[in-house]
Amino acid sequence: MTLGELAVRHGCELRGDPDSVVDRVATLAAAEAGSVGFLANPVYRSRLAATKATAVILRAAEAADCPVAALLTTDPYAVYARVATDLHPAPPLRPGVHPAAVLGAATRVPASCQVGPGAVFGDGVSLGERVAIGAHVTIGDGVEIGADTRIFAGAVLYAGVRVGRRCIIHSGSVIGADGFGFARDRDGRQIKVPQIGGVLIGDDVEIGACTTIDRGAIGDTVIADGVKLDNQIQVGHNTRIGAHTVIAGQAGISGSTTIGARCTIGGKAAIAGHLVIADDVVIGGGTSVPGSIPVAGIYAGGGTPADTLQRWRKNMVRFGQLDEIARRLRAVEKRLKQDS
Amino acid sequence: MTLGELAVRHGCELRGDPDSVVDRVATLAAAEAGSVGFLANPVYRSRLAATKATAVILRAAEAADCPVAALLTTDPYAVYARVATDLHPAPPLRPGVHPAAVLGAATRVPASCQVGPGAVFGDGVSLGERVAIGAHVTIGDGVEIGADTRIFAGAVLYAGVRVGRRCIIHSGSVIGADGFGFARDRDGRQIKVPQIGGVLIGDDVEIGACTTIDRGAIGDTVIADGVKLDNQIQVGHNTRIGAHTVIAGQAGISGSTTIGARCTIGGKAAIAGHLVIADDVVIGGGTSVPGSIPVAGIYAGGGTPADTLQRWRKNMVRFGQLDEIARRLRAVEKRLKQDS
Amino acid sequence: MTLGELAVRHGCELRGDPDSVVDRVATLAAAEAGSVGFLANPVYRSRLAATKATAVILRAAEAADCPVAALLTTDPYAVYARVATDLHPAPPLRPGVHPAAVLGAATRVPASCQVGPGAVFGDGVSLGERVAIGAHVTIGDGVEIGADTRIFAGAVLYAGVRVGRRCIIHSGSVIGADGFGFARDRDGRQIKVPQIGGVLIGDDVEIGACTTIDRGAIGDTVIADGVKLDNQIQVGHNTRIGAHTVIAGQAGISGSTTIGARCTIGGKAAIAGHLVIADDVVIGGGTSVPGSIPVAGIYAGGGTPADTLQRWRKNMVRFGQLDEIARRLRAVEKRLKQDS
């Protein structure tokens, strides 16, 4: 594509030759002719001078330092994401059902879909147009999958799971396994509580590798539109995650918790069950969340229960001084004893 | 089923028409005619008045508030679990070996078993009656699986694993991969220590999705009868988990640790290696357990090492005041300096 | 093998009959005639007297207590690892491609390789000699795998992943799924940032079960020679892990972090993104690492941010006294108020 095309398509001001052709993105340091770089994080500003990129996406304030063509925008990272998608589109579908796939009764696969070898569909599965199903994906009875969704090799969707349009589900993820529900009997044994709900996943959801989303005990576990889940996240039964919320790797959400829209939850965060987290909450990595968070804001814990970011940072500095604090207190007590 | 049948079967006192028919369970709020609700957690008592359930399982003390038929019991959640199992039984087996399954030499599959497409058995595998093996399950040489066990799509059992009767193993779980054993050589390289033990799993064990249980280094890793493991749990080599212990998601148990019977271990708890945890220990979510726990009780840490629940709660409140405590100590020191 | 052969092969001094034959390893307690035990951890010294092993690998200082033949070495655990490998070698390959495997175009499988049922290869995959691919392993387009590498059932390698020689990848692991890269748009929606880098894995790397290593956003995620990763580890995009580093289960490394060579990282440790960790750093289990560690040493946090092991231990003792410290401070303040 030409720089002129990219500038028009993404609403950038172009400083440079609109007919210059680019065919890939690259970091400022690794870029060669034909590639587009970007400068979103000011930390990397020093790399601008030596870049060999054909053009760089950046803010107007940094244009003066740019030795090559510049695509100016107020939001370089978002424009970079879009330009990278233009230049590196997902590989085109190869429509057709591989002969080594196994389809159940009353399962409809539109001709526009790609179904890989070893994919196994139960009965009554429904697929939208242009769905891509990787090798060995297993799809239970009655599952519904919306148009343009892609599911990578080896993912498992249990019976009754419903997935929206334009979703991406990575390998190793398991959607709709039984929630963890047991009643302890008088003799100490556990009685399994049947998990008869389902999982409802909206449009434009991405689910990383080896992430598990349990089916509801009664009623559904719900992942709303635009949610992005990283790898190895555990979502308990009957949890609800609001639209456009983003959760990083190895976080765990216990059952029956409701998380608001547009939240950002850090890696390894642990959210207890039966809580309500407001919209637009940011929770730092590793934070333990034992209670509901009714007000938007930034909360952190880094291994301890959530607090406001500011308070937690101060307390954590003091934690590093704790032995010293205890010694100083002992000295004060000794002094007072001598005085009395 | 009729309410009369349920009352007799589960030892409840029935207040209402024994001939009323129910065919499903539901929450008090979502229940419609034909469904059975339950009230186990007093938090939901206010929902009783408006329920449209045909009957509700609850304690006698709450019967007066129940606007519909009541099944009275001292343990409503356990009775609910049993009634839900009556009304929502697991789907019946469809016996037979799918033609796309691959069986090794000297592998015996009873006619009562269901083996899904793409299931792969090694040599000398032994299955009990009515075992259900999902699509793409891989079972190594010499594995033994007891009657009525169900293994869901894509789970992997390495060679030599033995599983008892009536177990459930969910998708993505890996049983019997090598334990993490290496000896560092003088030049800094790691030498692999062969992991030649196995994994022994008792009866009535449930294993969630993407949980990993490593084979023993020498001798077996042992999961006793009735243990329930949630999703994404890591169990190290030669660990032993006692009967009817329940462990929530993303917990990790390092190697060679012995956990007692009837313990309850919260999500993301981290238990170090070579420890001994007594019977009937409760460990809170996120707790780090660096040492053995010889006495039954409730221990918590929420991201910090285990302490008794009461002490930990008090210390955690103080942690939230730590910056203030340090400032107050500084003020005291200043005052004493002025005085002297 | 005879004790004489083992002594020569591994440079041990033998006390005992060089013609004694052994065929397996065992713990001191479980050993029977024909087995070799070892004493590496002094904790088990008391078990030496009663052992029924034919020979024991131990240090010269402990030889006097050994009632049977002794193989003397300064490093019993490393010699044990080697002897166990001699006596319990990995099962021999059964070369050949199973008829239920699916090979893409221009994919070359040397005759010395073993490819299991249901393995699926994309186009242009390249395998070295004696590679073993388990059942249902899925290998994307253009993947390269070095000689003598073994990949267990159900692992997934996305397109463009390169794996060195003599590696072991366990079941359920996913290598090369998209990194977690999104740019938040002005309306709160997330725009996916294409993940166009790859994953480069060196020689002699072992990767446990259900571990995920994301492909680079731009440029590769790199795992150097000799790295050992346990189960359920998450490695973010563009992370680099140095040679012979060992990481225990459920640890998480965020994106673009560089970890040095010969590090040891404990289970459930959490390392933030864009950091640099020096060579020869030891990080305790559960430690949160929010900043770079430029100096070799032992760091611990056990649920709190990393500190030197000594300081952290002292502070953690004080954490357990925190409520008491706060009460004592209150008493001091009261006393000073009375005095004034």
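Here are some notes:
For clarity, chains are labelled A, B and C in written order, and residue numbers in each chain start from 1.
Please note the rule applied: a contact is a pair of C-beta atoms (placed from the backbone, for glycine too) under 8 Å apart; a residue touches a chain by one contact, two chains touch by 3 or more.
All figures in this text were calculated on a predicted structure; none of them were measured in a lab.
Between subunit A and subunit C, two chains of identical sequence, the interface residue sets overlap only in part, with shared numbers making up under half of the total. To fit its Cα atoms onto subunit C, subunit B must turn through 120 degrees, a value rounded to the nearest 5.
Distance between chain centres (mean CA atoms), subunit A to subunit C: 26 Å. Residues of subunit A in contact with two or more other chains: 100, 118, 136, 154, 172, 210, 232, 250, 268, 286, 303-304, 319, 322, 325, 329, 332, 336. On subunit C, the positions that touch subunit A within their shared complex are 100, 102, 118, 120, 136, 138, 154, 156, 158, 172-174, 177-178, 180-186, 188-194, 196, 210, 212, 214, 218-219, 232, 234, 236, 250, 252, 254, 268, 270, 272, 286, 288, 290, 301, 303-305, 307, 311, 314-315, 317-319, 321-322, 325, 328-329, 332, 335-336. Of all residues in subunit C, those touching subunit B in their complex are 24-27, 30, 75, 77-78, 80-82, 84-85, 88, 98, 100, 116-118, 134-136, 152-154, 168, 170-172, 204, 206, 208-210, 226, 228, 230-232, 244, 246, 248-250, 261-262, 267-268, 285-286, 302-304, 316, 319-320, 322-323, 325-326, 329, 332-333, 336.
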